[in-house]
Amino acid sequence: MDKRIPNLAEAIAGIPDGATVMIGGFGGSGAPIELIHALIDRYLATGSPRDLTVINNNAGNGHVGIAAMIEQGMVRKMVCSFPRSADPRVFTEKYLAGEIALELVPQGTLAERIRAGGAGIPAFYTPTSYGTDLARGKPVAEFDGRPYVQERWLKADVALIKAELGDHYGNLTYRMAARNFSPLMAMAAARTIAQVTRAVAPGGIDPEHVVTPGIFVSGIVEVANPAQEEALNRADAAYPPARPQEVQA
Amino acid sequence: MTRKLTNAQIAWRAAQDIADGAYVNLGIGFPEMVAKFQPPGRQAVFHTENGVLGFGEAPPAGQEDWDLINAGKKAITLKPGAAFFHHADSFAMVRGGHLDVAILGAYQVAQNGDLANWSTGPKGVPAVGGAMDLVHGAKRVAVITDHVTKDGKPKLLEACTLPLTGVGCVTRVYTSLAVVDIEGGRFVLREKLPAISLDDLQAVTGARLHLDGAVGDLVVPEL
Amino acid sequence: MTRKLTNAQIAWRAAQDIADGAYVNLGIGFPEMVAKFQPPGRQAVFHTENGVLGFGEAPPAGQEDWDLINAGKKAITLKPGAAFFHHADSFAMVRGGHLDVAILGAYQVAQNGDLANWSTGPKGVPAVGGAMDLVHGAKRVAVITDHVTKDGKPKLLEACTLPLTGVGCVTRVYTSLAVVDIEGGRFVLREKLPAISLDDLQAVTGARLHLDGAVGDLVVPEL
Amino acid sequence: MDKRIPNLAEAIAGIPDGATVMIGGFGGSGAPIELIHALIDRYLATGSPRDLTVINNNAGNGHVGIAAMIEQGMVRKMVCSFPRSADPRVFTEKYLAGEIALELVPQGTLAERIRAGGAGIPAFYTPTSYGTDLARGKPVAEFDGRPYVQERWLKADVALIKAELGDHYGNLTYRMAARNFSPLMAMAAARTIAQVTRAVAPGGIDPEHVVTPGIFVSGIVEVANPAQEEALNRADAAYPPARPQEVQA
């Protein structure tokens, strides 16, 4: 078994129109920028995939990563807890124009719903959001005299995540706070693709230090020097970058 | 009664259906034997409920590390690419549908896929372990078993009489006489020992065996 | 209106109530300031929802590592004994009742402990983050806020008019004029600026301030 | 902050009669033998704690660890998935004599109920045990056409666990499959005491490798060369060991 995928284009091939896609990252930390941009390349070349539902804590920042996906018109709906950022223009304009849907989920509920999807738990109860607008329409039950809201699992067709080390079996480690949602999304998607900063042979990760066991990972693709979304935005980057001839025209 | 397969031979037959790279959980005891019979060129990744993925065979006697055991509490070894994790993550793998196949023993299997393999009744101390989790998690739940009980009674039945482990969960049964699929609430005979007649096989089976095309010969090596 | 505390002074006052070794989550923005004012000899352990326990102050400009940020997406540093974990474990800390205190900002607080701090109404893009989780997890949920809105309207009310973040969750409010506990569905005044009279304080408060013993002087250093 | 406790007696002090105690370990791997035996010492000296409810995957083996607690009469009830072992005599005899209660829980449900206790989830749904005797009396609900059983969280007054490294803040790592239930139990108990093979200063554990963050741990006590339950049983050990004068008498 060898889960290595030779390049980004192959890694994101086969994600169909209308797919639900979980994308790792909290703000810029852990955002799999290269996988996202490869998906945009495919969309620009083929018109597919479109009508995507994207699950991420945020709704993009600036004009790279998820924001660029939204800007290109690939995204039908965002599921997130905090669709704001330093430069949330792309999402905000489409949202206010009614061109993109939003399911707003409290952050911890979002994390737990994704874990539930990965762990085979169709529903669970939480006090979070009880009595608020975000609990509207959800079943409520009392346990030991306290009211709780019933939340459903979240699953996805594909998860795109960023990891640090990845071995041929798909075992993963992460880098600092870039871990965030990725181990959960890896569990909850039918197919999980991880871009890894370094691919190593089996045995290259101490079994004690594996954060995501390979059973949750379908493929890894090495991206040796990954871009940091925050750094890109501080440099006013956009994707795809404006081409010289377009600038002139 | 006719000659029948040994446990090793039943395990061998079950092992032939495991794909390269499959994630597999083997029940405690007899099913653990399946790991020995992977076809050449195929390598499954074995999961044990207590929190190890990618383990290998038992260490030589005297070299056991009792912090490195499987669900049957037998000492194991690690293969390169192994991982440790806690019990909730381990059962997320099981219950979240991430295992490709679980191979379990059985007291009884019913034609609707019900399985009884954890309790022989109200006397004694009950113990369930991970059996009830495994039957509802793995993508494919197979059973390996002698075709009949020690006193010759059928184990493949119209309905289980012993306490259930899971409802409608088993899809294939490898027995000492046959390979039987469970489809649409019926036993469908896929393979049988060449030496046993259909009538004789039906006679030791507690529910109707249906045919769906040709019945293959169940041929296994001497083991 | 009388002289009032600066944000830094409100944060300082809130910091005095944090015990040594307490596990603390500070809301995004103004509440983050509380970390600066821990009394000498006390060291809290700060938690950030995105998966870090035991972080320290911001790194010098230019030395940021953008994989090491807090929930406000600001660069942070680590202290010895820090730990990383994923979002579900992070919110298990929050929702499982493991934090000793969460200190949050507020648009409005009601005398029954209801908090509104995530939405100013239906226009614009709604965003909630971890606020609704924090109010139902921490053992103690405190609010720091100006006593009144920018246009002088009370923020401490009989009932919130803005969309709620949580029901009956706040137990103490540190304002620019006073320290108010929420007990039995009532505001109980604990401390007030010496320069403001009870009547004047009541006049800028949207619900009855109850007394329970002596009202202390809210005295803070120049900051 | 320094969570180190100087000795075992102090570590287990204050556990009251009638307490619910989670004890880490799966069989012998991860069993905190020294903490358990310190608890037995206290019971033999003072008659307390008694009437304990013990949560562990198993119900003890041989005459050490949990089996010895049961043998001494400290345990009122076991909550476990597999109360069998190589030598289950102690539990079996008391159970068949009606002297100890048993709550039998499927192993994955046991793990998830403990995690739920730690994560603030009062109830969740699982397909496990649906249609079996172990689901009797539990609410059932259908999600997406499939039936599920509602399970409740499990919490404890105290968790006694065994870890490998522990720093002064209570951050822990584990050794191989000895990890099993311990990280979950640490979350679900009001007070968690870990015996650690090596206590290290803060910074002595890489933040990426912490398995149980210190927020879940109340105290650590160093036991430098911990006994292995399996090895004790293979040597026919018993606790407390028979004293020479008792053997003569």
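As written, the chain order gives the labels A, B, C and D, with residue 1 at the start of each chain.
By our rule, a residue touches a chain if its C-beta (ideal position, glycine included) is under 8 Å from a C-beta of that chain, and two chains touch if they have at least 3 such contacts.
Everything numeric in this text was worked out from a predicted model, so none of it was measured.
The most distant chain from subunit C, with centres taken as the mean of CA atoms, is B. A straight line joining the Cα centres of subunit A and subunit D is 37 Å long. As a whole-number value, the distance joining the C-alpha centres of subunit B and subunit D reads 30 Å. Multi-chain contact residues of subunit D (touching two or more other chains): 112, 115, 119-121, 126-127, 174, 176, 207-208. Residue positions of subunit B with contacts to 2 or more other chains are 52, 84-85, 88, 91, 94-95, 136-137. Inter-chain contacts, as defined above, occur between A-B, A-C, A-D, B-D, C-D.
Contact residues on subunit D toward subunit B in their complex (touch as defined above): 26-30, 59, 81-86, 88, 91-92, 95-96, 102, 104-112, 114-115, 126-134, 174-184, 211, 228-231.
Here subunit D touches subunit A in the complex through residues 112, 116, 119-127, 141, 143-144, 146, 148, 152, 173-174, 176, 207-209, going by the rule given at the top. For subunit A in complex with subunit B, the touching residues are 1, 115, 117-121, 167-169, 171, 187, 201-203, 205, 207-208, 210, 213-216.
Interface of subunit C with subunit A (complex): residues 48-52, 65-69, 73, 84-88, 90-91, 94-95, 114, 119, 124-133, 136-137, 163-167. In the complex of the two chains, the subunit C residues touching subunit D come out as 20-21, 23, 43, 45, 47, 52-54, 78-85, 88-89, 91-99, 136-137.
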